[in-house]
Amino acid sequence: MRPLQILIDGFAISSLYALGATGFTLMFGVSGVLNLSHGAIMVVAAVIAWYVAGDLAAGPYWGALAGVATALAFAFITYRVIVRPIQNSPSIPREEKEIFVLTGTLLWGIMLQEAIAYLFTNNPKTVRPLITGVVEILGVRTPINEILTAALSWIAIGLLWLLVNRTRAGKALLAASINPRGLTLLGFELSRIYWLVWAIYGVLAGIAGVLLGAFLGVSSDNAGTLTASAFSIVVLGGLGSVSGSLIAAYVVGYLETLTAYTVAPSIRTLPVLLLLVAVVYVRPQGLLGRR
Amino acid sequence: MALLKVAGLTKRFGGLVAVKEIGFSIAPGEILGLIGPNGSGKSTVMKCIMGIERPNAGSVEIDGIDVAGWPTHKIARQGVGIVFQHSRPLQRQTVLEHIKLALLPDNLLMLFTDHAVMRRAEEIAARVGLDRVMHRLPRTLPFAHLRRLELAKAIARNPKVVLVDEPFAGLTAGEVADFSNLIGSFRAEGHAVLLVDHNVKGVAALVDRVFAMYLGERVAEGTADEVMRNETVRAVYLGGKIETAARPERKGKGRTPLLEVRNAGVLYGKATALDDVSIHVGEGEFVSVVGLNGAGKTTLFNAISGLVPYSGAISWRGESLAGRTAGSIARGGIVQCPESRELFGDMTVRENLDLGGQHLEVAEAAKQLDWLFGLFPILQSRQGQNARTLSGGEQQMLAIARALMMKPKLLILDEPTLGLAPVILEQLSKALETLRQTTDITVLLGEQNVTFALPHADRVYVLEHSRIVWEGDPGRFAEEAGTGYL
Amino acid sequence: MRLMRTSALTGAAFGLALAIPGLALAADPIKIGVIAETSAISGVAIPNGAKLAAEEINAAGGVNGRMIEIVEYDDHNSAADGVRAFQRAAQQDKVVAVIASYVSEVVLALEPWAGRLKMPMITPGAASNDITKRVHDDYDHMKYVFHGYLASTQIADAVCEGGKELLIKQLKMKTAVVMSEDAAWTIPLDEEYLKCLPAIGLKVLDHIRLSPDTTDFTPIFNKIEGLKPDVIITGISHVGVQPTVQWQQQQVPIPMYGVSSQATSSTFWKDTNGAAEGVIYNMVSAADVAVTPKTIPFAAAFQKKFGNVPGYAAYTSYDDVYMWANAIKAAGSTDPDKIVEAMEKTDYVGTIGRIQFLPKTDTFAHGMKIGPGYIAGLMVQWQKGNPITIWPTEAATGKATFPAFIKLPN
Amino acid sequence: MLQSRSLRFALPVLLAMALLPLGVGGYILGLLTIGCYYAVFAMSWDLLFGFAGEVNFGPTFLIGVGAYTAALLNHYWLWPIPACLAVGSLAAVIGGLVLAVPALRLTGPYFGLVTLVAVLMLQNLLVLFAGITGGEIGLDLPDVLSIDETTNYYYAFGFMTVTGAILFGLSRSPVGLILQASGQDAVEAAALGFNVTKHKIAAFCISAFFSGLAGGMLVFYFSTASVGTVVDIAVGVNVIIAAVLGGRRTIIGAAVGAIFLVAAGELLRPIGQLATFVVSAFALVVILFFPGGFLGRLLQDGGRE
């Protein structure tokens, strides 16, 4: 029973990690931006969902919708107010744009985190799940919410896959991640592509945040940890490689779960860090990354 | 005894052999010109000597010591200095500090500046003519001064072997003379000098011997005159025979002006990349811009495509293109197929083509695709293959086909022959000919390969040192402008 | 510093006093510093409780004619910020006593500074045994520190005491798993749990320590469930909402009983979306129980003023202000050594019971006296959105009930 | 010339700071004491970023190793403070070497990532071996630098001044020139005959030394070593923000930024929780509109003539 339990529990948390990291890595792949306010945006989505569903008594569906919409809005703000001005600034040398974007989004993330703590306190919040109850899967009692989390994560990832591989806009997005200059020459406006990728990012981060809020609960204090875990997963999988991140998310999710079950819950993140160090030293481009 | 002796030097990048068993030597007080068109591997040879690239095989002897595979800084300390083609000075250090840096030993414990070093740095600054600007930051200096600074660093290092990459790129005639003198002084002091450049002509006056490369291999070696007379070299640069093909005349061809570039200028930092260039292209015309690498062709095309800021005016069908994004210019009908091809390597051939056709109606795009598969049958059979796995020639065809998917009014082709084997050139040439015969497309072609550029052209411009120096009928090219093309 | 002063003004009476020249000098206020994590609901309860006490004292004429002024500091739950706040309180704002933090880590970092700066200090909520142990070991330096809350060992004893009645007698439980977070205060807590649980008849099957950063408790609960204990004995403070919600969502069929600091917060029900149903936790006082005659009036006044029921540290910090005020009154001066001397003689009935401090010879020197007639502790259970006291029997306002997914031993 | 401009700015400020204890109370001195230690953190970081061109996302790894080594020696073996500090800073250098030698092979975001992971590892290890290190609680120390604010202030101020002078001097010395060349264009520096890796490792060691020493002194100032003070990512983030805010690659700017951050956080204490929000927003505005930082304009002006 133990292995099966690890399999099932690891799956849900890994799916959520995968969803959280997908938008993050897509963004890096297409526009070269590492958004360090990622965790804060997820927290904003979860807290807004909690607030709308609970305090405003609008119910879990409206709450989830409001959470995702807020994340989308904040993704746009992040791009418009922080990232784009830095990218377009003539007074920042090109080789330093990266550190400025990192510092800028980091500060922005701290601001969001503090604002949430101020308005809603830093108490952990749990979004009321869409469905409650448990089912038995081969003798393992599993909350329906856990299944729902995994399922919704995969639906979101699947929709993203369809969007990227089956629509014109998605193809352009993919092309931009490979060769933005080539795309410009074919008459595409990169600025539109960037807006699109921030929109996708916002929706994905929002869904991930709301699901996380319903599955594990979030506090504004988690913002940094969430960013760090997305970052680790993305590096493990290869910067910019969506499929790499998906695999890495499962590696991380299962490694953590396995450690928590078989060694001790207090060191659950340590093996992941060791793996990360090893990967960065031996294969810095990540599992599926290219240099 | 030779100061620099290269033997059996080979460098592979993946499956591509960039340099194949190259060998030469330079005696003290000798200047060797290493020439070859873009992609010939001459820069790789230089990087292998300097240790920036690790050669796969062969030896590089400096004064009798084999340094092949050593780290760069050790090779430098062994007595090799390099003058880079692109001046990338440190942005926050003054001219004098740059020279001082080159005079310093590789030591962690130098905390105070030696006055002798300062004096020596000032002397060198004076020698290269930088004494008036010693305390200025590079970004405030004109381009020629930056090149002088590179030379000053080489002088300060006082190496046995000096490698100079494209010494005269971007310089005016007066400056070229100045530089020739400075490089000549290396010879006088008994250094061995390797000049790397695109063509013989540029360095002929300065070099003692020339070593010519093409596609990674040696093609000729001897005095400048000998190499210029060499048949293979002539074939590489000029093609066998300059000929013009018959073309069907169309009504009103060239009458309606499509593109008009007036007094365009482009600066890259301090370097002039394009200087007061005016060209025009009429509807249905096939215009070739011929020029050596670095002459400014790509810059001109990028200005037209809205990829670089420029001065002067560029208009399309009478309307100014100023302020329009590169994307909107491309959608407006000016489609560039760039030198670097810019394919989407991880996407299939078909996906690449579909992206080109995204602005068309679905049915129209399908029609265009069929037509292109007729033009480039090989692409049809490679449809599902990733672009990065195609051969160089196939990639070039895909790049052209992808541009054609946009149904351009004006197709800009930048160096389509770059790095391609002669047999591929023929195929490409045929495809272009078909295109010209069967459609009324307007083409602006940029080439250093004259053989390829002339046969199709209705009109030819020659671009040299960022300026248009000749314009006319391809038939007159050989006698009026052809001699400069070696 | 003007801003600081203004914000620290609490009572209207005090503001008036400042406004009248001449009187201002005579009524130079007695400042008491309050250092807490004010961004957390349970943290902000500390200054709020203190302010309420100060208002009442001031309304009744103050201490020796001087008003009490509460100066608030946010320690962001960090030892470094705590030390900085403490230094500021002592050296810049010249407070005469400090009420500091419910986090053992912060209090332990402040303790040597209380000694160095000779600043009387009491913690309203930290539980580490080391706080009093240091006073015992090095009385001359550390005598300025008082422990205004139960030490971990004492809490564990109170939990066991309640367990004897609730778990053994009423529910016939036999086995338990201890689940506590890796922190300073749980080390002695766990030690005592492992001693006192078998003593009351609960066999401890396993002892799980989890990282305070844990967000996914699924593996922990599954592991516990695999051991099939009758009850989970908790020792959690950093975490609370998340394990509770996941416990309910996974329908872990084992009740949770013990220490859960977040559960003492009034917003716990809302934060967990009601997942708290059935959770039993330890409190020193509860809003619905007349532990002393002062308890219910205080809870009502607190709720009226701040809109929520007081967290556990609000009771103690309210009492602490009164005790400092009394000690200063008795000492007749703000000299720290005299205040400490007077404080040691405290015999005060507050909201949490009758408070006396143990002498320097006791291992819990300057800790509170525990037991019937003094501080006893309560076990409280969340039931349908309300905290219901279920032990001790004489104070109970309800009986233990559990959600449907809990399987109790027959 | 830049040198004189920097000095013209720095000397009056230093003089004013030296005379400060005559005029202000203990609390402000306490604040500036912490500010001075942070200034050393930020200056050490700036040496790595601004001169060697390497973005170290984990300055607290170096700080933490130095601080905890010093703290453990004092806690368990009661070594005198100077010995603890010496061994602590040495440990930071060794830790820096272990980190830098393999990490410098990596470029771009990967170097930064390794440094970030190093911090997380250190933090995990400290918590994991809580029995020895005190874990999240921190380790209280028997010794303290001084309990007198003025003395503490002079320790910190003197330390900052000396460190600043050394780092600033270094950045203007021939070695600093080589370092800058290595940071800006490694290929070119190598072609000029400089062992780029050697110089970068040296820079890393120097940065590690001062970071570790400052970490140790900070620990003895608080007489408590805790993860939240010297290891937490948030501390490292503040160090980076301080350096960027003050003006990259100016050394002095990093110190100004650090003191500003500490002071601003404290001045805004009355607005409570929002203080961090306001400080972050301010830093963001500076980064967006004045990317050169406070001193960028002042110290790096024009074509230098």
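Letters A, B, C and D mark the chains as written, and numbering starts fresh at 1 in each.
Here, a residue touches a chain if its C-beta (ideal position, glycine included) is under 8 Å from a C-beta of that chain, and two chains touch if they have at least 3 such contacts.
Note that the coordinates shown come from a computational prediction; the quantities given were computed from them, not determined experimentally.
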Neighbouring chains shared between subunit A and subunit C, ordered by label: D
Centroid-based (C-alpha) most distant chain relative to subunit A: B
Averaged-CA centre spacing for the pair subunit D and subunit C, given as whole angstrom: 37
Chain centre separation in whole Å, for subunit D relative to subunit B (CA means): 46
Inter-chain centre distance, subunit A versus subunit D - centres from mean C-alpha coordinates, in Å: 32
Whole-Å separation of chain centres (CA-atom averages), subunit B against subunit C: 75
For subunit B, residues that touch 2 or more chains besides their own: 91
Where subunit D touches two or more other chains, by residue: 127, 273
Sequence positions of subunit A contacting 2 or more other chains: 117-118, 266-267, 269
Touching chain combinations (by label order): A-B, A-C, A-D, B-D, C-D
Residue numbers on subunit C that touch subunit D, as the complex places them: 3-4, 6-7, 38-39, 72-74, 78-80, 83-84, 87-88, 91-93, 104-105, 108-109, 111-113, 116-117, 128, 182-184, 211-212
Subunit D to subunit A touching residues, read off their complex: 49, 55, 102-103, 106, 109-110, 113-114, 116-118, 120-121, 124, 127-128, 233-234, 237, 240-241, 244, 248, 273-274, 276-277, 280-281, 283-284, 287-288, 291-292
Residue numbers on subunit B that touch subunit D, as the complex places them: 50-52, 71-73, 76-77, 81-82, 84, 88, 90-94, 97, 100-102, 104, 106-113, 117, 135-137, 139-140, 153, 157
Contacting residues of subunit D [partner subunit C, same complex]: 25-28, 30-31, 34, 127, 130, 135-138, 140, 144, 147, 149, 222-224, 226, 228-229, 266, 269-273, 275
Touching residues on subunit D, where the partner in the complex is subunit B: 1, 169-170, 173-175, 177-178, 180-181, 184-185, 187-196, 198-199, 202, 249, 300, 303-305
